[in-house]
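The following blocks contain the structures, represented as structure tokens.
Look at the two complexes coming up: chain A is in both, with chain B in one and chain C in the other.
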Partner chain A sequence: MVSFPSRCLIRMIIQFLVDAISLGSFYALIAIGFSLILGVAHAFNLAHGEMILLSGYLAYFLNRQFSLPLIVSIPISMFSMLFVALCLERLLRRIPDPHELNTLVITFGLVLLLQNLMLMAFSADYRIIRPETRLLDIPVHGLFLTETQIVILTLSLATTGIVYLLLKKTFLGKALRATMQDKETARLAGVNVRNMHLIAFGLGGILIGVAGPLYARMAYLHPYGGMEATLVAVILTIFAGVGRIRGLLLGGWILGLVESATTLLVGSGWRELASAVILILLLLLRPDGLMPKWAKSTQ
Partner chain B sequence: MILLIVWPWLVEQEGIHCRVIGMAFFYGCLALAWNLFSLSGAISLGHAAFFGLGAYGSALFCHYASLSPYLTILLGGLLGALYGILWHVTFRKLRGAPFALATLASVEIPKVVIDNWEGFTFGSLGVVGIPELPSLSLGSVLLNFGKDPAALYYLLLMVLLFMTLVHRYAMTSRWGWAIRAVREDEIAAAALGINVNKTRFQVLCSSAFFTGICGGLYGHLIGLIEPGLVFSLHISAVPLVLSMFGGRLQWYGPILGAFTLYPVDQLLFRSLLPVGHSALYGLIVILTLIFFPQGMGAWLQKHLCPASN
Partner chain C sequence: MVQLFHSKRSPVVFASLVLCLLTVASLAHCGDPLRIGEINPLTGKLAKHGQEIHEGILYAIEEVNRRGGIKGREVRLVSRDDQSQPEVAINQAEDLLYRARVTGLVGGYVDSLVGPISEVAAKHRTPYVASASLQRNLTQGRRNPFFFRVARLDGIVEPLCEFLSVLVRPANAAVLFSATPGSTEFGDEIRTCLEKSGIRVSIFDKFRPGTPDFSSFLLKLRMERADVLISGGFFPDHLVLARQLREQRLSLRVYLGPWGIAYPSFIQELGAAGEGLFGMCAWNPGITLPGTEKESESFVKGFQKRFSKVPNTTTMHGYSSGKALLTAMERSLDKTGNVDGETVCKELRSLDLLLPMERLVFDENGDPKYYRQVVVQIQDGRMVTVYPPFRATGSIRINAH
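After this line comes the complex of A and B, so read on.
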């Protein structure tokens, strides 16, 4: 009888950790695409969250109209987002200097455009892909995992792992990393930098296509909800630096823990405040976090 | 100019056109206030913070202290300026894109605090029943701003004229040249003996103050404010779009943007697309940056009077 409360507490803590880590892995998934595009093409994509929402809505309607399961709708949304991202690359290719600031302003315009288009097309109702409310009971610890959580955890970790292997183990990954580190030297070494831009945007689009349906499964879709996802991506990118997959995953877990703790301790209304404060603190502590070597060398 | 003064007599007094042009003046003021800061070279994506603080400051002072709205609007402006000081202190080292991101995030702080502090700010329900601007009697003329659109029209026109003078002063005076020097090259400006930090501080604070005043005015014009409305991305975006479209480096640029885009949005797009008509602003800023990076003002100047270049 004496050990009962403490066991209960431990179980609660483990449950909390599992929830936070599944949220954090999803955050890392959101951030990888943003960070790749920023690192390789030097483009701030503020519309990242809106694109995730867009693919979330796509998956939602595929699910509603044709009752397609997630496993089918994810490839479809991957291909459509690949297309959208390549269009975005064309749009951002020839904008005037200063490049980063102008991509920021253009994608800010894109945020407004997409938000209002989504408002027009999907209305301001909150939508979610209804999960089957099946709880998987893991007998050993007495933990509860929803099926959604398991899907999100495995898909996020698997995608993160694939991108990590792609960057570290393949020749293409080497070329991408070289472009990230120094564009001019990469060009001298025979890397086709234009193609690398296309590949980065394409990969980013595919990752958005994976994240969107998961988002629709995990949280409510609302046309104005995209900025939150973008802020998460920005926070993790500053924390880890561009293109650092392991750092992004670690940052995602920390952010997941902080946000879950905030929600638990002071209520869900303050969660947005936590991420905004973290972002500002990170920007103050690491003002160069978004600007890797290329920015310093040009100054 | 004369056309703008006699306009209410030309068209019907109660008409929607009068109201829309009046609101175009209002958004022109907002754009001028935003551009004041962008003259120093920084792009802010978070002016909604000043706007919302101004609106809430004014409405709550009015509610709790029962002061005259004219006074509380000024207090709202001061509250905006106070947040501007905070920006200046915390974001001193940031420039360019990181600065823009920080401003974007800093809107969330007052928004979430006001959203959750229900006892004092009424939380997400917002403040309703904000009193209208009280009437003023100028000699024999009674200006009833609440009821008479024409009176309101002239009030907003006066505010716009004042803001235009401030904006023009910030471009052509000695101070204006200091701002320009800071924008072009901070190190060179410092070498010329300009106090870069002080100039940025002055510009940011005046911009925040006037944006706060616009916010306070907005509360009294509309009569209702809520966190999601006054701290919205839309409020941060509209002055940016208007200034970029009109031309950031012309003294009349933001006004040009407000006079062309806002009526088009309200009269044309709103009737075509009741929901999501603000998509226009997003589209415009993308097209502007690709085709007219200097804005319409610069383009017109180049093509209409090539001699001046």
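After this line comes the complex of A and C, so read on.
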């Protein structure tokens, strides 16, 4: 027989875990497209956050103008961002060496362009997708799993799973991984590296299209808010190691748990510091990311 | 021509020429436009409020120019964007004072941007009237005779504390504030004030502006069973927090944000989830200082005609600061015939203006003596003034949220 205070404590712990894991899954969703593009195409897309915002604004527009629910606007956003990402790939394909550095410069220019376009189209006002009132009540009294959390958890698990299976179980995945590991060797083995870049950008665009509407639902939209999302993506990619899809989810969860525990136990003001300490420790202790052993075994 | 300068009459000719030149120069000076510098976050994270302040200032200047300017001289606004970054704000202030040679500075949103501008203004002995600044030590810690502002922290903390201790009487309050100078000071002040009134503050927490998730904080709120939450976050922080409160069905008696909630755009953006929230404002259409109803209405009409949108409390802060500087410049020109820093500051110190937002009189530190906000509640999609009683247009609905 569990006494009332213990029951209450257990409920709180479960609620804490649910909140932290859904926050971590949200982070992973933001990072997955960035990591894939960086891994395969070696393009450091600084405009990643702005592309997420753009897709968030699209979902916001569909929601306000046509009352489309989030779940309907996500496929539209995926398709639109696929197009945007493919255009970006065509642009980056033309730039000369050093490729990585030049992608940084070009995408920085794109950041400014997108910020100003969004400012013109949506003004400097802060926008959100309004909350739904429906809630999924779990049998334990007082425990809440909001609709946003359910959507985030489902989509992050689904996208991570699909991308992981694609990379591990298909021929295309093998070619993508080969390009990720060594471009020249992949080319010698008959892989069309240019096409792999195109596919990586396409996949990255689709994943950005999933993350954007959820960003509008979880956080808020502002033309200059893209850097936050880019930073999350960069940090998680360092956490996990470039192209480590399962590592991204694990890293997101660790980050979510650390931030949430810090907020709960020490205070909200310390959460960024706690994340920074974890990141520094990880870089010192596991410089190849969270799952280097797994990565080596698959090579 | 050369002979003329070598003749006996040359000193007379030379003196006449100098006199003519001086007359022309002085006439030209009379017709010269007066330049006012404005630094606001027109881009970056604070762009929304920066643009609102800019529109308020611009409206004040256009209003003066419509009446023929100041002593027949047109007033020109030289706008600069600080991109919501303090180091850019300093550069822009230096640029306005060195190159554009403005007579006075106006504008500014949040203390981290206003503070550095006020230092530059003091260095150049140029008056600066800040539109939105609260931090105490900008005026009280170090004396800056060139710095004035149209808002002050006491004008928010005092009515808020009275409202909570007189009308709400919470059993257990939580105070959340963002990591900015003004908000941190607000957090400290409100906690002290609530504790003095015998109200327990069980949570006192700071957060970074722009935090995307408050679920752990809400869990803490649930665990501590707080019935009132005072959040010193900004507009977007309230959007996220209020939405999560709604989603998690956390019942609080009062959720109050001193800045960021009392905006028509906030109500529109949040929809039903905003119902019952409390905010504070110094002015809004329909919420004006008694005795200024006509001016307020005329401002709203004129502003809507000019900008095709409804002004809000931030716009009015911009308008009030612009109005203060313009009036002081006009009086300075009237009395001394010039608008140098010292004389304009002297006029600012003796100013007594009745504006829709406040009766504007600066104290010896440059703070407004009579600035005091009112508490409003969102009821049926509208802002209703609920405190102080003499300005109330409705009664509070506790548990509406």
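By definition in this document, the second predicted complex is superposed on the first by the 250 of 299 C-alpha atoms of A that agree within 3 Å, B and C clash if a C-alpha of one lies under 4 Å from a C-alpha of the other, contacts with A are read in each partner's own complex, and residues count from 1 in each chain.
Everything below uses one rule, namely that a residue touches a chain if its C-beta (ideal position, glycine included) is under 8 Å from a C-beta of that chain, and two chains touch if they have at least 3 such contacts.
All values reported here derive from a predicted model rather than from experimental measurement.
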Touched partner set for A:T170, first chain B, second chain C, both or neither: neither
First, second, both or neither for A:N195, with chain B first and chain C second: neither
Touched partner set for A:T185, first chain B, second chain C, both or neither: neither
Contacts of A:A219 with chain B and chain C, given as first, second, both or neither: second
First, second, both or neither for A:R130, with chain B first and chain C second: second
First, second, both or neither for A:I106, with chain B first and chain C second: first
First, second, both or neither for A:L119, with chain B first and chain C second: both
Partner chain in contact with A:S268 - chain B first, chain C second, else both or neither: second
On chain A, the residue positions that both chain B and chain C contact, one per complex: 115, 119, 123, 224, 267, 269, 272
Interfacial residue positions of chain A with respect to chain B in the complex: 44, 46, 91, 94-96, 98, 100-102, 104-106, 108-120, 123, 224, 227, 231, 234, 267, 269-270, 272-273, 275-277, 279-280, 283-284, 287, 289-291
Chain A-touching residues of chain B, taken from the complex the two chains share: 43, 45, 90-91, 93-94, 96-98, 100-102, 104-106, 108-109, 111-113, 115-116, 233-234, 237, 240-241, 244, 273, 275-279, 281-286, 289-290, 293
Touch list for chain C against partner chain A, complex: 43-45, 47-48, 50-51, 84, 176, 179, 205-208, 210-217, 219-220, 222-223, 235-236, 239-240, 243-244, 246-249, 265, 269-273
Complex interface listing, chain A residues touching chain C: 12, 15-16, 19-20, 22-23, 26, 115, 119, 123-128, 130-133, 135, 144, 146-148, 218-220, 222-225, 228, 259-261, 263-264, 267-269, 271-272
